[in-house]
Structure formats: C-alpha cells, structure tokens
Amino acid sequence: MPVVRRFPESTGEMSTFMNYTYQSFNFRSRQQARPFYDLVASIAAEEFGHIELVATAINTMLTGAADGEPGEVGDLSAVKGVRNTQHFIAGGAGALVQDSNAKPWNGDYVFASGDLVEDLTHNFFLETGARNNKLKVYEMVEHPAARALTGYLLVRGGVHQVAYARALERLTGADLMKLFPSPRIPTDKIPECQPHIQRGEHLKLYRFSPDDYQELAAVFNGPHPETGEELTIAEQIHPEGAPAFDLPAQPAVFAPGPDPEMIAEVAAKLRSAAGLPEQPTGVVANDGDGNGSVIGKVKDALT
Amino acid sequence: MPVVRRFPESTGEMSTFMNYTYQSFNFRSRQQARPFYDLVASIAAEEFGHIELVATAINTMLTGAADGEPGEVGDLSAVKGVRNTQHFIAGGAGALVQDSNAKPWNGDYVFASGDLVEDLTHNFFLETGARNNKLKVYEMVEHPAARALTGYLLVRGGVHQVAYARALERLTGADLMKLFPSPRIPTDKIPECQPHIQRGEHLKLYRFSPDDYQELAAVFNGPHPETGEELTIAEQIHPEGAPAFDLPAQPAVFAPGPDPEMIAEVAAKLRSAAGLPEQPTGVVANDGDGNGSVIGKVKDALT
Amino acid sequence: MPVVRRFPESTGEMSTFMNYTYQSFNFRSRQQARPFYDLVASIAAEEFGHIELVATAINTMLTGAADGEPGEVGDLSAVKGVRNTQHFIAGGAGALVQDSNAKPWNGDYVFASGDLVEDLTHNFFLETGARNNKLKVYEMVEHPAARALTGYLLVRGGVHQVAYARALERLTGADLMKLFPSPRIPTDKIPECQPHIQRGEHLKLYRFSPDDYQELAAVFNGPHPETGEELTIAEQIHPEGAPAFDLPAQPAVFAPGPDPEMIAEVAAKLRSAAGLPEQPTGVVANDGDGNGSVIGKVKDALT
Amino acid sequence: MPVVRRFPESTGEMSTFMNYTYQSFNFRSRQQARPFYDLVASIAAEEFGHIELVATAINTMLTGAADGEPGEVGDLSAVKGVRNTQHFIAGGAGALVQDSNAKPWNGDYVFASGDLVEDLTHNFFLETGARNNKLKVYEMVEHPAARALTGYLLVRGGVHQVAYARALERLTGADLMKLFPSPRIPTDKIPECQPHIQRGEHLKLYRFSPDDYQELAAVFNGPHPETGEELTIAEQIHPEGAPAFDLPAQPAVFAPGPDPEMIAEVAAKLRSAAGLPEQPTGVVANDGDGNGSVIGKVKDALT
Amino acid sequence: MPVVRRFPESTGEMSTFMNYTYQSFNFRSRQQARPFYDLVASIAAEEFGHIELVATAINTMLTGAADGEPGEVGDLSAVKGVRNTQHFIAGGAGALVQDSNAKPWNGDYVFASGDLVEDLTHNFFLETGARNNKLKVYEMVEHPAARALTGYLLVRGGVHQVAYARALERLTGADLMKLFPSPRIPTDKIPECQPHIQRGEHLKLYRFSPDDYQELAAVFNGPHPETGEELTIAEQIHPEGAPAFDLPAQPAVFAPGPDPEMIAEVAAKLRSAAGLPEQPTGVVANDGDGNGSVIGKVKDALT
Amino acid sequence: MPVVRRFPESTGEMSTFMNYTYQSFNFRSRQQARPFYDLVASIAAEEFGHIELVATAINTMLTGAADGEPGEVGDLSAVKGVRNTQHFIAGGAGALVQDSNAKPWNGDYVFASGDLVEDLTHNFFLETGARNNKLKVYEMVEHPAARALTGYLLVRGGVHQVAYARALERLTGADLMKLFPSPRIPTDKIPECQPHIQRGEHLKLYRFSPDDYQELAAVFNGPHPETGEELTIAEQIHPEGAPAFDLPAQPAVFAPGPDPEMIAEVAAKLRSAAGLPEQPTGVVANDGDGNGSVIGKVKDALT
C-alpha cells in the first residue's frame, strides 16, 4: 500500500522522504526537465526535516514514560499493556522506523518508475492518502501537542499535494484543481492549521540554500485551488530542519546510559583534552523553550 | 541481519544512513555527551551522500541496458533472463530500495537502543560486517567502475569502523584497536583503495558546514590502527554529495517519458513564462566528464 | 508498491481484482452513489476473469516443461537453473500466487479507504502503473503467445484506466482526459492490441448477468480520450471467464498424480455408480482448439 | 501456516477461497478427473461468498464506531486504544485483507501442488484447522451477531471438511470418516449451529447455475460421519452471495466522503442525464431488514 | 535487527540458539581452531535448553487462561482484548515461534559469515543487546515467576557475553573486559540474579557429555570482568534441558483434545497391548514440585 | 505454506525440526498420552540431525566454490551470476537459514495447535508435502551426492510419514494406510533409496539414549503400508547426528579468516597454555573418508 502514513510513528514521512529522494536520484535528463527536477528534489529535502520532526515529537512524548532507576522492578510496568510493548524493549524511549503495529517501513513503499507523468501521478495520490490518514489521526488524538503537529503537517502536506497536481497540469494540460480538497474537507476547518495558514505556509515551497532549486517557480505558481491565493517560492531559505530539544536522559531505559553523569564526565574530559572551550561550541539542541515553534507546543503541552 | 550490505544495490548504505540518522534523532543529553553526538550525526550526513553515490552508479550502469524505441518488441529482451527482472519492470533503468534478490530494505535493520555504549558496539559491528561484504563484492565484480566504487566505499567505511571503535575506547577504556583490520586483510592491499589512501581519505572525518560538528576532534583522534598515522578532522567541509551526471533519457523504459523531447519543450516554455534565463540556472547535474571522481571512473569505464 | 503488476505471474491481476472487490464490499451508501458502485463492482468481476486468464496462460506455457516419467532422474533438470526453481518444487507446472521473484502477493496491496474520490484516484493510478508495467513486459517477452496475452490485457486495462478517470471527472469536474495516454504511447501502436481495438474492446464495459450493473452508463460515457469514439456498455453480457483448456497431465510433477490413468479410472467408476452418463456432462474445459480466443493463440503458438 | 483462519478478519475465508480457486485453475485432466474438479471448483465458488459475508459483517459491526462530523477532534478517539488502530487509519470503517494483528493475507498461504491426493489432503487439513480456529473464536466472542456468523461458517466449513475427506476416500479407499469430528466436539453442541442444521445445511453442496458442477454427486455422497444422514447436492442453485445491506455513510472517516449528500446529488444528476429512472434499477444492497438471514441477525443484534 | 530478543516470547532465545547452531555447522578448520569451535558449539547446546525453558514458562503461565468446557461461549472471552489474540486462536495455551506482536522469528536473524573474528564480534553484540532487552523486561514484568526466569537468563546470558568477549581477546589481543557490564549496571544489583550468582552460575560454561567440548578451558578462563573471580568449566555435565512439568490438559482450547480422558484411555490400551508396564516407563515430565528449580518458582508463584 | 521444503537449502528440515520441537514443548498431559508424546519428541530429535546433515552437505558442496587469495579480484566472479548471489556475500561458503530464493525460514511455518488429532493430521500432511518436494528435487538434481542425500531423506521422511499416519489410526480408528504411497510412486523405485531400504531404514524409529522414548513401540508398530514388513523400534540408539567433515578453510571468503594459519597458531598456544595435549582431544569432525555414510558419498562425488 503506497501511502501507509501511520503517523504518529514516522513511517508516513519516511514514505514521502524516500519516494521523492529516489525519484530525484533516478531522474534522467534533469537539465532539460529542470523545473520538474527542482520540484521533486526540493520537496524531498523538506521531507527529511519531517522525519526528524516526527521523531522529535515521539522522543518528546516518550520522555517520562519510563521514569525511575535503572534495573528497578516496575520502571516499565506502565507500558507493559500497551499495544506495542516491543517498542519499549527495542527502542526504549526513542523513535523506531516502524508503525504503531510494529510493522517496519520497507523499500517497496517507494515508487520510482522513472516516467515523470506517472511518478507525479503517484506523488499526488501519495499525498492525497497522506492527507486522508492525517485527518483521521487528527480526529483520533487528544493531546494538544499531537494535534499541533498534525495541523502543521496537514498544511505542509497540502502544499505538496498541490505542487504535484500543478506539475501534472503544467506537463499535460489536464485541469486537476477541481480535485481539491481531497478528502473534501477544507484545510482551514482545522483549528490547528490556522496559525500556519496565517503565516502563509499553505502557499510556499522552500529552497535550502541560496543556490539550489532556482527554477521551482516555473512550475509552482498560479492560484491555490482552495483559496485562490497565489502560490509562491519562499524568499528565505528553509529554516534548518526541526529545532530539536536537548531531551533529558532516561536512565531506566539506559539512554544514553544507566549512568548519564558518567558519560557527561567522560565527554567533558575528552573535550578538555582536545582544547575545546568549557561550554560546548554551537548548539546541537536548543534549550527547550521553543517559543512559537510546533515542537514548542509539543513541549509546552506536556509540562 | 544487521549488516545486509547488498551492494551494488543501495541497501547497504541505506542501513548505515538510517541507523546513524535515527540514533542521532533519538540521542538524549546531546550537549552533555556532545562529541559523541557529533560523531554519530556527522557520519549519518556522509552516509546520505553514499546512498546517492550508489544510486548514481546503478543509474549510470543501467544506462543503455534498455535501448530502443518505446513499445518496440525486444527492447527489454536482453534483461528477460537476469536474476531480478522485476527491477526493470518496476524501476526501469533506475535504482530501487532493495537488494539484488529484490528484497526491500526495511526499518528493522535499524538498531537504536538509546544506550550509547550499546549503539556504538552495534555500529562497530555494522561497519565490520559491511567491510566483510564489500570485500566479497570486490572479489566478485569485474567491471572497473564497480571495483572503483567498492574501493572508495571500503576506504570511507573503514574510517567509520575506526571512528566507532575509537569512540567506544574513549568511553570505556577498552582497547579495541587490535581488532583491526577486520576482516584481517589490510585495506591497502586493494589497488582500488590506493588513490583514496594517498589523498588521506582513510584518516579524515568531515563536517558539512562551517558551524556543525565542531567537537568531533574530541573523540576522533589518535593513531590509525593499521597505519599509525594520526586521525584528523578535515579542514574543508565535505564536498557536496556525489556529483551526479545528467543521465540521458531512456525512452524504452519511459524515463523521463517515451517522448523526452516533449517534456523538454514543456519545460522550456514554463521556464520562459517564468522569466528564467534561456540556460538553466545553476547545475543539478554535471556534464559528465567527471574528471578524477569516483563516478567519473564509473562512466569512463562504460564508454 | 501499489501496482506491483508482475505479469506474467498473476500478481498484477490479483491486485486489480482484490482492490476493486474489497472496495465494492466496503462501499457505503451504494444505492445513493449507485453508478459509481456499479463501476467498481463490474470491473472487479471482470478482473476475476483476468486472474483465471493469466493462470491459464501460465499453465499452458508450463505444459511440457517437465516431461518424463515420475521419479526419473533428470525430468526437472531443465529448470534447475531458472530464476524461480522453487516454483517448480512447490507448484509443479501450475500457477502460484507470487511474482517471478517468488514474492507472494499480499493484502497490503489492497487500498480501500472508503473515500470515493480517493479510491478512484488510487484506481486510476493503479491502472496507470499496470499499463506502464505491461508495456515493459511487452518489450521483454518474445513468445507470440505472451505478446498476444499482453496485447489483450493492455486493451482491457486501458478501458479500466479510462473508466476510473472518467468517474473522477464526473464526480469532481476535473478534466483528466489530457492525462491519456499514460505512459504517453498510443495503445494502437502495439500490433497485438489491434485485433481487440478492431472489435471495439477498447470502448466497452461489460455486465455479467441481464440484471446487474444497469447503471454503468451513467458514468461510463463520453469520448475515449485517445480516439474520440464514444464509450459504451456492451449489449451482450460478458462471455464467461476465460475458456480453459483441458490441459494434459504432467506425471513427472504428479499433476494430477504420477499415474493419471488410475485417477481417470476411479473417476469413471464413481460417475458410473452415480448414474451419470458415460460422457462427462457439460464441459469444464474446452477441447483446446480455442478458435479466435486469446488463449487459443497462446496454445497455437506453442504447438 | 496454512490455516491461519484469523476470523473475524477475512483472512480465514481468503485462504479457503484462494486455495480452491488456484487448485481449480491449475487442475490438469479435468474431464477425466471430472467429479473431483467439480468438487474443488464449486467449493471455491462458495468461499467467494464467504469473503463477502465476513467483510459485510465487519462493515456492519464497524458502523457507528466512528460517528461524528468530519475533521472534528475526538471522532475517532474511541478507537485510539484498540489493538489495530491502523485499521481505522487505513481502512476507516471497512474490511481490510489482514488479520486482527494487521498482518496481511499473502499468497504463500495457497497450497497448489497439482497432485490431487496431496491437494485433497491439504484441503482436509485446512478445513480442520479452520474448524479448530472458529471454535475458539466462538468461545471468545460475545456479540450475538458474531456468534451467529461463527455458527453459520462452522456448519458450512464442516460440510467442506467432510467433502474433502470423502473425496480422498473415494480416490484411495482409505476410511477417513472416523477422523470426525475434528476437533472432537460435535457441531450440534453449538446452539448457533442449530438453525442451519435444521435446514439441512450441514449435508449439502451447492451448484451455482443450472449448468455447472453436475457431477458433484459422484463424489459427495454417502452418510455424514457425525449424523449418518445422507450427503446430497442441493436441488436449488446457491442463493446469490451474501445479501449486503446498504450501509449508512460514515462521514467522519470519509466513507463514501465527508459530504455524502454531495456524492448522492452528483449521482442523481448523472443518472438523470443517462435517462435512467428516478429510482435506482435493481438493488445492489437490500433494505436491511435481513429477515432470517445470518447477516440479518448481525444487524438485529446491533440495533 | 540482530538481537530482537522479544522475551517472554521465545524469539530471543531462538536467535541465540540458531545463530550459534549454524555457526557451528558452518565452522571450517574445526580441529585447528578447536577451542573456539567448542565454545560456539557448547553455548549452542545450552541455548536449546533455553528455548525449551522459555516455552515451558509460557505454557505454565497460560495454564488456566482459558478454563472451561470445550465449545462453551465465554471460555476465551478473557483474552479477547489482549494484544495478541491470534496467539490464542492459533496456539491455544501453547508457545509459538513469534514475539509478543505476533511477528514470527525468521532466518535472517542468523548471522553466520564464517569469519571467526566477525562472528565472535556479532555474538558479543547479540548478547549485549539481549542483556539490554532482558533488563527492560525485568523492569516491566511484575509476576514473580517472570522475574525469576529473567534473573536466571540474565545470569546465563551474562556468561555467554563474557565468553564471546574473552574469545575475541584471546584471538586478537584486544582488551574487551572494560566494556563490562553492558548495559553499565551490575548484574548483582538484580535480586533475582542472586541465587544463581551464589551457586556460581555466573562463572561456568557447561559440557553436555563426558566426551564433548573438552577444550573449552583453553579459551574460557581468566577473571570475570565484573567480579574478578576465575571463570571455569563446570565439573558436572549440564543438567538435562529444563525440567518440564506435566502441564494439565486445557480442554477449552482442545489441548491435547476436548476430551483428554479419551486420549488417555486410548494410550493406556495401546501401552497395554505393547506389553508396557502399567506405569509409564521413565518420566517425560516431572510431578511439578520443582524444588529449587527456576520453573519451580514459576509454578509456585502461580499457585 | 507449511511444507516449503526447499532443499537443498535447509528450510525443509527446519520446518519438520521446529514443528515437532514446539509440539513437544507444548504437549499437555504427556504422561497420560505418553506414547504419542514419545513419537513427536523422538522424531523432533532426529530432525535436528537432519538440519545438520543438510547444512553439512551444503558446506561440503560449496567447498572450492570460492577458491583463491583473500581480496583478489575474481575470486568470486564464478558465482556473480548465480540465482542467489547474496548467499555468497552474506554467508560465504556456508549454509544459511533460507531457501534457494533467499527467503528466510520463519516461525509461521510452525503449526502447534495443541490438539493432538489436528497436530498429527498436520504432521502427516507436512511429511506428504515434503515427500512430494523431495521427489521433484530428485528429478532436478544431477550431482550424485545431491541424489544420495535426497535418497536418504526420502527414506527417513517416509518413515515419519508412516509414523504420523499410524498414530492417527491408533487414536481414531481411521484406516489411513491406503493413502500410501503419497505421492503415489513407490519409494523403492528410487535407486538412491535402495541401500537404506536394504538396511531396514524404512522400518525403524530411533531412540537417542538408553532411557528415552521407551514407549514408542506402543504406537509405531504393525505392517508398513507399502511393503507389509513390520515396523520396529531400533535396538541401537541413534548414531550421533551427522558425521561432519573437517571442512578446509576458504580464505577467499574469510572462513574461518583470511589467514587461517594465524588462527591455528593462536589456538595451539591457547591449548598449550591450558595444559591440553598436543593433539586435540576427541574429534569434532572426522577425517573425511566418510566410509559408507551419506555424506561420504557427497564428498566422494566431489573429489
């Protein structure tokens, strides 16, 4: 099944990421078919950010699910009865490349025939199925953070759904805009989509460096099928990935170990020996206030 | 099986890419365990380049495998008897996310326990198995391009194998260097590894922007277990991905379509309408001379 | 992968058969959405005939592949080296529910969301992928019988591709006809499609009894996107399934047993004891001349 | 595993349906082995009705499981915690081709060696396992509708179990009747089997048109192993499939869409344009009173 | 994933059993590499005992889960809502070769490259992952019997982890002892490990007959990395497998049948006819007091 | 599919081994149902010997398939084009737990319902399918060693087929002997079965120690269905496993390493340090002349 978008596990975004990635790897006659290549490749790049975003959300939500001392009876008894107990045994409090039934993502979910019309048809169908599934997920989850995440992904997935339909139109002349919205429920009906719509996130595609994907605009333009607003290429390059929190250690599942202080001490000594400054250079994780970000809402909702 | 490095299909590099990617996503206490996070995350980034490199090699090698007019009897008769005929039916002349037996890569190949000692142990084992498999592939393939690619990946995989062993040493104090080489055959015995060894590629880890992974050097240092030379962090950031050729159309497998000129014409019109210059801006594919590059050798060998 | 149409094994037709069957089982508000229900259900019925047709072709082609006496060394040595030796060990000279790589068809290939717009979108995509794959198969096979079968299935699959696109048009107003042909190669370019096009098989949908599917015409009408001819509902009900030959026994693979005469004798005695006439009543298999039929050509080509 | 009869999902009946279907497709020397061919083929035809029956039961039972407005938070919160949440995300309120653990049915469950003695041995074993599993399901379910369905399938499955054993007897002379009942618990102990036993459903095989399968009686005769009553061929042809209800729309899962009235309106216009009468011709779904039918009981129990 | 030790289902021990078994089957130059062969082969033999031990624990724990009369409504209603209902439908009250998500063990979990250094590296990693998973299982389960079983397997698995690390040391000179404990939590912190540690079970490898594996001591020696005590080869050969209880019949799941007395009667008659003594010769199951044994504790805890 | 006996890969014997093993683990009321328990458990024990036998045959046959120096181009070029190239990359010259299409054995092939009548029915069917598949393998292979191995396994599998049918007869009274032979071709028609028939191997079940399985004779007795000779329990206990050769190193696939002498030297030093005699104690592998043994023929045929 092509669209098995089994969010909130990360398999849904895995499918979009890997489909567009391999379609871009396999793209023949790139220069001649340039704007189409740019379209597929730039969306692939954004989807990598989405697998990180989903994983971050899972990691954040699982923080605290297994509190306690390592090796203590009962630390994990709270999750003994959940659907996917194996997740906790194999992955502790981290994301795995599987859906909520523990079925791993697999490479047969990638469709890459090489035929541009057909691959765009597939991608439009993939995004349509993804939107269907995310709407159901939205109806299912109650946690404000999960709803916030769904709202964000609905908006961005909606842009990709439009982008592939528009590309098909440009290539064949067929008018596909009347297929929107599919499913036939307006995106702006979802409250959690509103903040992103107000920022115009439903209208933009991104580039990832000043030099790349300069020809997106040749395909991605014209009116948005639901709102009539003009589709655009973002002036700014895409913000880097999803901001990740520095998630606290979970010693009961040995992440990053049953004695995280010991690891921190070793790290400090190694850094000192290498002549690095006392404070870590740069940040690989922010301090977690996450003002205004999607994940900020995830965290805010949890505390 | 963790290391199923079924190169020249892309599943081997898929395993290293996805393992390190999810381990970095799930990494807890990043700032405190900083140099270790940088190590896993930077190698993940390099491995993304490797899945592109392998896909490019496959795409290059398949060019011409299905020459002819679309819809002509016999165009694909040359591949009717090969092991994985389905590859040509599903993927045409492009790479798929499967091994040479058509078995798709799947998410259970990802090991991400969250325990740093254990994940590093896994990664050392994964790279060891990968080296074993690549050595056998080297013994098996005859095409100079395939051997060149294997040689390059053996050298870079060897660096990652050392990196994870060294990280384990730094963390636990256990001396693992005597495990090298594993398998117990020196890398420099392979002629196709020589050019890369001479450029010092067996000694370096890379960063991917001026700002990232600044603390790699706290872990990745000391003598190389086989040569005694000092391990270093490359001064230059990593060259961008693998240089991709602008692979010619293969109309017989409809890539990018049975009539590629028609697609090119549409693209030209769209570009013109968008006010883009006549020549495509920037390059998404080089012109294929590939001087000195690994893939250049792939192509040279084929022509 | 949704369309894994791995013909000449029967998985391709299995996917279309099972998708439309379960979509019809799950169809809600059938009476109100009547013409659409009739469309999906009637195509499902035709696809059952196609899995029989493909199985019959396989059975016919395998006849003689394992000649000889049961238990004699060498009877199957001719197939020891083929790609799917297991086929002969598990299935003898018969069709199995797997592709040519021995990968079984599975239920995840069925997409049945319940959303009519989305399921029709899927079905259009499924038929598009199926057409792509069958065109490649056509380019690959050399046997006149295999080409004849492909030609027939291309024509009928093409009708289904149009039917789902037209249904989407009727439901949403989007003009999809400019997507045809997809892949962009005219069906009538294939010589083996000609006889069926000349009989108008590229224009008709069928009903299966005088009473069923009477409302097909409300959706399936208008001009054919490639030829401009009017789409119609066949006046005659669909001919019953595919005419099956009475395939000869293959004692070396024990089908229907190593001693088929013994089985025939038992059958004769049982029939006699039950008061049945000496000649079997009716026919469950024709005599194999197959005048004019697709499979007739399969057999003719083999003898 | 051959008998994985994971009812109330439809994989159990899928296995019997597909096994007998492919055995009949692959049957060699049909005319000579005629009564045996008729036996396998006619039971295959009945099993198609059973996959529809099981799907209908699932669809009926899921009606109302996801009530509410499309896109409303909470519509699906009631099923967030069930074992197979993915079922609701992928299939909404409809049946999928998988068991209750979301494991899809696959083609390796089909056994079709071509050897008549062996295939009959398999089929007897398959039906035995199916009876075992259905008895456990009977002990497990509490809903009267589910028990009614199980009772019906136990009776019909019991007939098939006897049929294959009797065919083996006729072919080999081995007396298999002492193996009944297997498991060794009399069918008439189950109250829900009684109505069907009283109608003689435990004794009959069916034909599906006046012309087909006329030779069944040559094999299927003699005393029933549990009751001693004479096995017979039904004088009437089999009632058509399972009567399906016109299941109400479920807008919250977009089946047939979030706005079913819109679809009904489009359908009405298309019908009118095609000159069809105001009321739909014929019925593709009954009005749901289901007097006396198995599914009638399913529905009655739910209302 | 290599170590998917999904205890308390039996797949974890299946992985260790089958890995070492096939590594011993495939071992080349056994006599020359003798102590290493003995190590792998003797641990394989112990692991067979562990799959029996885990199966016995599952069988014991499931006793009573489905009490009642065969064919009675409600007998299995208590397990209708559990995660793996299919277990009860397919396996009744017995162990199956799958994990708690119903995912079957498969042969790709076996790693057997033939390269001794690499296979030992794998085995050390496999045991490390197994220890991680068992520690989490320990934190999860509450039943004293399950904790007792986990404690025993932690101790024995710990010996195997040391054994493979020591063998690598002996072969390469690399000092691996500083990797212990991994995960970094001392085994003797777990109360349920204490009885086995006090009996010295954390220090011994076993032989299985007076003649076999005489050369183990050449590799398995030196100090234990956690306690400093000397590793030894047990003077006594390994006690035979796990003592199995004569588990009572479970007629509601037809094990060994819905009427176990009938089976017992037939057995008695057959034994008498064969001239066997009235009391069964020897014991295939003990009487269940299980004094002092691990399983004894399992049973004690349940009664 | 239950019987997927994909010999000469080891999955066929894996299925019989694991089915009977888990049926014996899960056997309830063992003492009361004693002779039946002994039957299943003793055949399980013999089947373990068969997986070793098949693995040994594979290892022997692969010896020399990859001759050459480690790391030399071309060493494995001879197997680049074979069906299962991955076998050589993953397993070198050793057996893996997969069939010839690289499909791994999996736990769903185990049928263990707990119902004795049903499990015996399954086992009879499993052995019947296994006999069918082995007969086809016999017709396929040409190598005298492969034919010799097939002949041996046909004879022993035939005994197990009879044993399960006889057990069913004893338990139910049904006369199953007329089902033999199945497939209906006499075993003694196969020349390679003759030596084993002449030694009476077609008539005997074995015990594995002087104490075990003493009650086999209560079930396994009476005339052999094909020859009329009396079935017996062997007076001698079963010869230990399959005699394994000390297979030579294969340095080109790094088994046991690229430099086997180095491993032998380390082993010699370790043995000396442990006070072991200069010559290895006992034998873990014979010297390979294999007089009269099945595997002896395998090796003889290869040299």
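By letter and in written order, the chains are A, B, C, D, E and F; residue numbering begins at 1 in each of them.
Note that contacts are C-beta pairs under 8 Å (C-beta built on N, C-alpha and C of every residue); 3 or more make two chains touch, one makes a residue touch a chain.
Every value quoted in this text rests on a predicted model; they were computed, and no experiment measured them.
**Student:** Using only Cα atoms to place each chain's centre, name the chain farthest from subunit A.
**Tutor:** F
**Student:** Identify which chain pair among A-B, B-F or D-F reproduces the interface of C-D, meaning that over half of its contact pairs, matched by residue number, are the same.
**Tutor:** A-B
**Student:** Taking all residue numbers used at the subunit D/subunit E interface, answer same if over half belong to both copies and different if under half do.
**Tutor:** Different, since most residue numbers here occur in only one copy.
**Student:** Which chain is most remote from subunit D in terms of Cα centres?
**Tutor:** Between subunit D and every other chain, the largest centroid distance is to B.
**Student:** Just the number, please: Cα centre separation of subunit E and subunit F in whole Å.
**Tutor:** Computed value for the inter-centroid distance: 23 Å.
**Student:** Using Cα averages as centroids, what's the distance between subunit C and subunit F in whole Å?
**Tutor:** 41
**Student:** Using mean CA coordinates as chain centres, what's the subunit B-subunit D distance in Å?
**Tutor:** 50
**Student:** Residues touching two or more other chains, restricted to subunit D: which are they?
**Tutor:** 1, 4, 83, 90, 92, 101, 108, 110, 113, 115, 117-118, 132, 183-184, 253-254, 257-258
**Student:** Just say which it is for the chain contacts: an open line, a closed ring, a star, complete, or other.
**Tutor:** Drawn as a graph, the chains match no named shape, so other.
**Student:** Throw together a list of every chain pair that touches.
**Tutor:** A-B, A-C, A-D, A-E, B-C, B-E, B-F, C-D, C-F, D-E, D-F, E-F
**Student:** Can you name the residues of subunit F that touch subunit E in the complex?
**Tutor:** Touch list, subunit F to subunit E: 11, 14, 18, 21-22, 25-38, 41, 51-52, 55-56, 59, 90-98, 104-108, 110, 112-118, 170-171, 211-212, 214-215, 217-219, 221, 244, 246-250, 253-258, 260, 263-264, 266-267, 270-271, 273-274, 276, 280-285.
**Student:** Which part of subunit B faces subunit E closely enough to touch in the complex?
**Tutor:** 1-4, 108-111, 113, 115, 117-118, 121-122, 124-125, 128-129, 132, 168, 172-179, 182-184
**Student:** What residues of subunit E sit close enough to touch subunit A in their complex?
**Tutor:** The touching residues are 1, 4-6, 83, 99-101, 103, 132-133, 135-142, 147, 183-185, 189-190.
**Student:** Please name which positions on subunit B make contact with subunit C in the complex.
**Tutor:** 66, 68, 70-77, 79-81, 83-86, 88-90, 92, 101-102, 252-254, 257-259, 262
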